[in-house]
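Down below are the structures I want you to see.
Two complexes are shown next, each including chain A; its partner changes from chain B in the first to chain C in the second.
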Partner chain A sequence: DALLGCQRSYRSRPTHGIGRFKYLLPKEVPKRRKEKVQMKEISAGTEYQYGDLNIQMTSYDLCLVEHFAQHVHRLCNRLSIRVNESYAMPTKTNEVLFLEERGSKMQLDAVLTTHQRVVQIRGLSSTFAPILLEIIQSNQPEGVHLLIKEHTEADFKSRLKSRPELEELLAEMS
Partner chain B sequence: SAAARRPWRLFGAMCLLRLPRITQPLEKEEEEVAALMEQIELEKSVYSDHEMRKLEEEEQLKRKMESLYDEDEAHGKTVIMAQDLEEKWEQKFLQFKPAPRITDADKSNDRTSLNRKLDSNLMLLVKQKIGNQELWLLPQVEWQPGETLRSTAERAMATFLGDHIQAKVLGNAPYGIYKYKFPRAIRTENNVGAKVFFFKAFLQSSDLSQAEVKADYLWVTKKELGDYLKSEYLKKVNRFLLD
Partner chain C sequence: PCRAQPKKKKKVDVKKEQAQKERMKKKLKKLEKAAPELIPIEDFITPLKYTESNRVRSLPALSPEESERRVLLLKKWCLFKQKQDKAEKKAIQALVDSQQEALKELQLESEELYQAAIRRDEGLFPFERDGPSYTPPLPGYDPPEGKCIDITKVYTQ
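This part shows the complex of A and B:
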């Protein structure tokens, strides 16, 4: 006999909704997909503070660059400098072709990859900035290029990929 | 109030640093750790494309020797073997000679040249006459009212090394200060002593052939500073020098 022996606690049953807990948790704001643009802060005066600064490290050697970026990040943590983000730019591949023209033309290829890591810092006081610069420069490993510059919109936009289909549709609409 | 009662004469001095060109050699423990990590990485790593290709070609060669297959030749891909490439690269590497780490100036211990001690910071010391004595100091010049201390330091650099020095001054704030009182004989109401403010700068170009140096100068490392500077002065200067 196939008797339905399930116990469905319906609304009239006293134990209805006994396991509810989600109403107890704090309200979650739904995540938005759009990225917000950066905030800038320049305050002149005796307490001169830099706004967002980008420390960019480029090299051919991936391990060196990553380790150096980690080192810089930890240094800033130690010195209680606020680090906004630390991200990597896409790698660029260069193909080197040798054209030896002595009789037989040979093309020797070499494939070089350039890696770039960026550490973004905010709230660096101007009295401390040269000391930090000196420390980073003296700890620089061989083969790593260092570049410190202020964060701009162009830097921010260079991380985003362009969507050609979206642009086409927008162009058609307008 | 300090200016009214006991005025000090202010000097701005420039500490010109030449940054190291090579990294310092590793310590014994660092070398051991590096060797160990390399070995671990080697044992954990997987074969790369080049090594796979080499292995495959070795196997093909073996098969050819044993049973004379002609299928491999029909492919025609293995015109350049991976082994040949490796040998070519080895030869190229042997041809490359890196520059020597210990230069001639190191061997002759010529302290006036910039080429020695490529792995540490070099500082400029100049012989200056103060009072009656000739002392080795960081180049300094008296401050004139109306100019910032940083420009005093830049002027000091310019007087001793000529105008076209490519140096980058770090920041507007001084790095250190040394004050001393004049000996009682020279002390007057207005001139009790002097305060020297130190600024730091990095030398950008390593070529000083155009510089007209007006006095005796030396480029020394931090350890050798003790040979030339007086102890009190040295203590204050050492406080802001990184090694």
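This part shows the complex of A and C:
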């Protein structure tokens, strides 16, 4: 504050605001606090419109599933369907072991990673839904498993980290 | 003389229980204050081995004929893709138009059926479909016995 100091410059005096300098410095962008992960409201949808729908694409191939998710997102943009979110689910790793022909040892065959991408849309009209499904099906690449279902709270909770301590305490309290 | 001792025991027990309950409540409050975090996705984190090494691939120099051929090929491919995209958009528009026409005719025919057709289909979701495969599964194939273990890393907060 330039007005406070031993030499108080009055507003009528010519020396008013003599010590000001902050207006000369470049503008600082205010630091963004970490936004809390909160669940958005799930709309139920009216009789002629569906609520929140999740288009989940699963595959072993990362590039394919990523490109297909991008394609679906752009398609929805082009057809002016509102896309709430487009996120990735955590990858699952599976170790495949098979029994050797001679012997009882399990032999390591491969390590497979399953990737999943989700595109969440809202407000799909009931007449347009089968057309959209046809388009997505005709563009489906090989090995990509498609699943369309309604968005629920359980789906959102599966993205969050598990808190065993909290659950333990809650079990103890009740 | 027998009265004093049992009373002390009860007081101490009750106090201890209350203190324990308060401590648990405080712990709960602290844990609940912390917001839940999303599980980090391993796809988006590039493993370190791809950033450490300094090997760079040196590409061979292209002759002008080769680069000319490539540019012309690229242009042909762009044209082909554009035609494909336009055909797709036309097909979508045709689908939508024919659907609208059919609904109009239905409305003229009977109002009840039109209303029933406009409603949303509850049996449509959940919808599942496997992608087409390069090679269909062989009939009568006997796979070797084995098992799948899930080794996904479990994150806890």
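The rule we apply is simple: the second predicted complex is superposed on the first by the 112 of 174 C-alpha atoms of A that agree within 3 Å, B and C clash if a C-alpha of one lies under 4 Å from a C-alpha of the other, contacts with A are read in each partner's own complex, and residues count from 1 in each chain.
Definition applied: a contact is a pair of C-beta atoms (placed from the backbone, for glycine too) under 8 Å apart; a residue touches a chain by one contact, two chains touch by 3 or more.
From a predicted model like this one, the values you see are computed outputs, not experimental measurements.
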| item | value |
| --- | --- |
| Chain B versus chain C as contact partner of A:133, first or second or both or neither | both |
| Which superposed partner A:53 touches (first chain B, second chain C, both, neither) | second |
| Which of chain B and chain C A:160 touches, first, second, both or neither | second |
| Chain B versus chain C as contact partner of A:96, first or second or both or neither | second |
| Partner, of chain C and chain B, that touches more residues belonging to chain A | C |
| Which superposed partner A:152 touches (first chain B, second chain C, both, neither) | neither |
| Touching partner for A:77 - first (chain B), second (chain C), both, neither | neither |
| Partner chain(s) touched by A:142 [first = chain B, second = chain C, both, neither] | both |
| Footprint overlap on chain A, where chain B in one structure and chain C in the other make contact | 126-127, 129-130, 133-135, 137, 141-142 |
| List of chain A residues in touch with chain C within their complex | 36-38, 45, 47-50, 53, 59, 62, 79, 88-99, 101, 106, 109, 111, 115, 126-131, 133-135, 137, 140-150, 159-166, 169-170, 172-173 |
| Parts of chain C lying in touch with chain A, wherever the complex brings them together | 24-25, 27-28, 31-32, 35-44, 88, 92, 95-96, 99, 103, 118-121, 124-134, 144-157 |
| Chain B residues within the chain A interface of the complex | 19-20, 22-23, 88, 121, 170-173, 200, 202, 242 |
| Of all residues in chain A, those that touch chain B in their complex | 108, 126-127, 129-130, 133-135, 137-138, 141-142 |
